[in-house]
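In the two complexes that follow, chain A is the common piece, with chain B as its partner first and chain C second.
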Partner chain A sequence: MSAPPLSAPPPARPRAQTRRERRRRERLERQDAAIPVELYGLRRGTLTALTACCVLFAVFILAPVVWVIINSTKTQANIFESFGFWFAAPFEFFHTFANLFRDVDGDGTYSQWFLNTVLYSVSGGIGATVLAALGGYGFARFEFRGSKVFFAVIIAGLLVPITLIAVPLYLAYAKVHLINSIWGMILPSMVSPVGLYLMRTYVELSIPRELTDAARIDGASEPRIFFRIALPLMVPGVMTVLLLSVAGTWNNYILPLIIFSDNNLYPVTVGMGLWSQHASNSGDANLYPLIVMGGLVTIIPMIALFALLQRYWRGGLLLGSVAN
Partner chain B sequence: MSAISLGKLTKVYSTGVKALDGLDLDVRDGEFVVLVGPSGCGKTTALRMVAGLETITSGTVAFDGQVVNDVSPRHRDVAMVFQNYALYPHLTVAENIGFALTNKKIPKREREQRVRSAAAALGLSGLLNRRPAQLSGGQRQRVAMGRAIVREPSVFLMDEPLSNLDAKLRVQMRSEVLRVHKAIGAATLYVTHDQVEAMTMGDRVAVLHDGVLQQYATPRELYDRPANLFVAEFIGSPEMNLYEASVAGGELVLGSQRLALGPAEAVLAPYRGQKVIAGVRPEDLRLGGAGRADQAAGAALTADVRVVEMLGSEKHAFFAIDAAAAGASALAAAAGEAEADAGLLAEQAHNGMARLDPRSAVRPGQRVTFGVDPRRLHFFDPGTGLAIR
Partner chain C sequence: MSETVLRSPAGVIAPPGAARGRRRRSVYARRRGRSGLAFVTPFMIIFTLFMIAPLGYAIYQSLYTTKLIGGTRFSGFANYAAVLRSGPFWGGVIRVIVFGGIQIPVMLAIAFFFAAIFDLGVARWGPVLRAIYFIPFAVPIVVSSLMWGFLLDPAYGPFNRLMNAIGFQNFNWLSANLMLPSIIIIAIWEWTGYNCIILYTALKSVPRDVVEAAILDDTPLWKIILRIKLPMVRPAIIMLVFINTIGAMQLFIEPTILNNYQAGVVSNTWTPVIDIYNTAISDGEYQLGAAMAVVLAVVIIAISAASLAFRSRRREFA
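Showing the complex of A and B:
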């Protein structure tokens, strides 16, 4: 450790410049931090093999997405007859896209379902995040009678698949009039055992106890410690939980299938399932291009959300807080 | 009335570990008291109990005579500096320092004024809009201090505040902490494991070992009249030389040598014919100071010099005498910790050290005679470890 300068700080520089400099410095630091594979005791050949595995895995994951993109441009006939991973004339993309938002067969419209999905996901996701942040912080920082048991029960909830409890869930919902109610969808989506677990771990690992102790000594009330000190430092974890719970509700199929019988309350997942059923029963309604297009439109917001929130994954938020 | 008083303060963790055992301690208003001891001695636990961050198993913490055991840290109105600073990383220096004032709902104007003057007192004026990550270690330390002093507390707690600084800065901050203490005049409890900090900073020093208070006295008293073997060894660097000895006919038998006891004879009367542990500080051994008269009076110690270290301002001579070394370090050596060294350096093995003038012409392999002032000898009971006075 060299003696830190105690003299006056250097003059402030324009903000944009410092940001660019910081980016550049971070990039260079990453380069410096990269350790040559030889130092891990790996041979170059091993590395190539590992990379090949990764590429294979990526192809496996991305192939369906590519298929959806390509086939969203095709007619129903071409979807079945042409090669799946290449385009075939006529180019029907915009036509199908426009049709997607029409009412089909009186089943309800894609736009209605899409709005439903957004409503359920945003309210459920935000609710789940708020509860997970509060609960996770509480479990991480406070010991109270039965805290271990409570936490164990919540974690045990992770292990129960919803298909297993479908029937009791339906019966319970019927009793409290949550069948065909948006609350029946939103309330359960606001409970996220994974989110709670993540938040607890995040708080334990990334917020030093001294920091909350210091705030306590500084006379801050517990809510103020949470909102002013802990929460700003929990942002990366909060964003992770937000993304996970929004995506979880967005993709949820089984819960809305159980609780909704009114087409107008369906989220996209169940609505598309309905179309798919009709398509295989009748076969003539030109529904398959709509299903492919619907799938494509449905995944786009999730990709966008992921890209948007990704920057919060960066660490370094606690820099300078405590000496180590 | 004392500003802080701890009565029979005890902490037993749920694992059964007794971190603190019946600590009695009084800190007067405006006094700077240092809690010192090796790591794991319970000093930080004690401080956290005073702050209210740790539950109290038994005993009391009182401020100005008011027992605050059940008062939450938020309402105890103590200021604390943490070992790792614990700055709020997302807040600026000004917000860090002013956080306690915003909690007290002090009007913005007064708050800003107080933050500015605290920052000025610590040389942080130019850094108020920076975040902790943009500060050096010394500056962060100052912000942590600023956060505490801005509240004008009546009780000031510091938990090893300088241990994360480099040696040079630590020396500089020592006097700065004292200056701040003088300025605010709060009763201060300062925890450290560094006996130099304890000696240089404390009005009074409490030495803790295994959760038990060993001695609570001024630095001078600790150094000159250690209450027991632990304090004798812990305070002072280099350490006091300690030997197993026995008392026979008004003289101290140290291996094959005999030393006149002088004024200590009366105190040691009950130990006549028994073993004691005798100690002498390295600087109390005078080279060449043993004139013929000294030697005749038996106030001299002959030793074989093994190693000489030149430090510039002084010279350390490591020597061997034929008496068995005593004290914790000797016990550790006996337990085999120093075995590897022992084999290699058997011929060089030494059991004592003298702190000499840098110009003294002492060489390894030499046999020298140290003059010893009998009044500077320390005696301890080998059974209890307590000082014989």
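Showing the complex of A and C:
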């Protein structure tokens, strides 16, 4: 009956907004919001010293990354013998990179592990985000029998770290034949109490109750209200939770370490841990260039993903969860 | 507090003519309750299957003992008694408490320092530096441990050569004495940026007029930061202490990986999670490992609860 006002597209934005203009406007707004530095009455030397501190810490942060980039071009001998922070001939980058696609020493192939990691973290991350968005909305906007208790239990779940769940999961998996099953990895990755908590906070803070109530009076069904009204407003929160849960699964080490005994199912983290162990224990020194190159190839996609989603990423969301 | 305000949408929605509104409202509320349940059910199912059930199963298992001869039988709290008596386990617990007790305050101080600088806007290239600080968050801990292992390697690592060059012969970052400090440095590298971003966002929300008033009163800058801004971001700091503590108590990956660069320092019981892993998975003593996991969970919850109690007590006096 009242569908038209609900589904009407938002008023068209002025077309002329190029990226550069938007950037300029944002910069002006930022400058407007900040208190001019001159008012603090700092001397020039102090300002320089503070900047120097920041730059020094940035050097500390970048050092390992730079090391990995430089040493991904070196031979095994040069990784150890030559100066770590400068290049040394011969240039082995492409040779080593090609080796990532081969099973060099019988432990498994990096490219296979990489695909596994992508599979686990994308499906686990999307699953976690969907469940958290639905559940967070449910807890934020509905009262039902037991909702308080359920929510309290989930909050208690925040305190239970995944490493503690890993051992019991292994015991349970042994009973239900989920050892060496990708579902044994993906399904637990979908449990994100933090995500649910963040989504609930986000819904409470950013979706006016009047909006959903008005739609309800107009006779919209609950799923329709969620998908057409709430969800579009939840996008920044959803993006943050997605990023956090993809990163969480991408980083997960102990769960796959415990539940997988088949090397072809390993994610990158477990595979590289295994390489490192073999390189030191059985003197498989030719693995070291692969470890360096594997590290480089592992971190590039995540850094790219964070940079890409930076516009949506809300540090403030994490903060909002503290406010109440 | 805000709950009570938010909880009465039914009153808004009830049709104006509903004199017998009470019954109608309850029917309505029940229908909404069902929709609410539908929204949270998928999460609850997965949460129950993969969080509650394993925990329950761990507690159940921890009450049994398997003997080579005689099979599995109920043994009450025998496993717990063994864990509570285990010197190496508690040695590991103390080690991670020392680790967190040093790493978390140092890291938060550094993070707050840089967050305050970014918030004031007094350093150049602020946005670029913030992005750089955040990079380690995108690096899996296994990979950062591997990279730091190369950098700190006792034989070839550039940082080791640096120490040798400035006069410390036979310096070893990964020796028994320096392993924990080195891991603290690595953890600071990993987590400062993340904490800094959250503190920065918190500082941004300090009302501008408060700071302006302080400036007009000629309050020195360090006082504005430590006496005005710091107290206002206390909730964020408490949450960060909380999160970082839970993380520190689970120290596992860094020592496991660094062990590949310097054998013999990280024992099988070096941290509680290493101990649990070796007991339950490597040695196959599932029930004992499950009891250890439960004890560690209780320790983590106790520390978290203590920090919350501290928070509410401080609030009363504030």
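Throughout what follows, the second predicted complex is superposed on the first by the 261 of 324 C-alpha atoms of A that agree within 3 Å, B and C clash if a C-alpha of one lies under 4 Å from a C-alpha of the other, contacts with A are read in each partner's own complex, and residues count from 1 in each chain.
Please note the rule applied: a contact is a pair of C-beta atoms (placed from the backbone, for glycine too) under 8 Å apart; a residue touches a chain by one contact, two chains touch by 3 or more.
Being a predicted model, the structure only gives us computed values, none of them experimental.
In the superposition on chain A, contact of A:V149 is made with neither chain B nor chain C. When both complexes are overlaid on chain A, the residue A:V167 reaches chain C alone and has no touch with chain B. When the two complexes are overlaid on their common chain A, residue A:I229 makes contact with chain B while staying clear of chain C.
By the touch criterion stated above, A:A220 is placed in contact with chain B alone, chain C being left untouched. By the document's definition of touching, of the two partners only chain C reaches A:P188; chain B does not. Number of chain A residues touched is higher for C, counting chain B against chain C. In the superposed pair of complexes, A:R141 makes contact with chain C only, with no contact to chain B. Residues 213, 216-217, 318-319, 321-324 of chain A are contacted both by chain B in one complex and by chain C in the other.
In the complex of the two chains, the chain A residues touching chain B come out as 1-6, 8-9, 208, 210-211, 213-221, 224, 228-229, 232-233, 317-324. Those residues of chain A whose C-beta lies close enough to touch chain C in the complex are 33-35, 37, 39-42, 47, 50-51, 53-55, 57-58, 60-65, 67-68, 71, 79-81, 83-85, 127, 130-132, 134-135, 137-139, 141-145, 147, 150, 153-154, 157, 159-161, 163-165, 167-172, 187-188, 190-191, 193, 196, 204, 209, 213, 216-217, 222, 226, 247, 250-251, 253-254, 258, 268-270, 272-273, 276-277, 279-281, 291-292, 295, 298-299, 302-303, 305-307, 310, 315-316, 318-319, 321-324. Put simply, chain B touches chain A in their complex at residues 51-53, 72-80, 82-90, 99-100, 103-104, 123, 126-127, 130-140, 147, 151, 164, 166, 168-169. Those residues of chain C that touch chain A in the complex are listed here as 2, 6-7, 9, 12-13, 29, 32-40, 42-44, 46-47, 49-55, 57-58, 61, 110, 113-114, 117, 120-125, 129, 131-144, 146-151, 153, 155-158, 189, 192-193, 197-198, 200-202, 204-205, 208, 211-212, 215, 221, 235-236, 238-239, 246-247, 249-250, 252-253, 256-257, 260-261, 263, 273, 276-277, 280-281, 286, 289-290, 293, 296-297, 300-301, 304.
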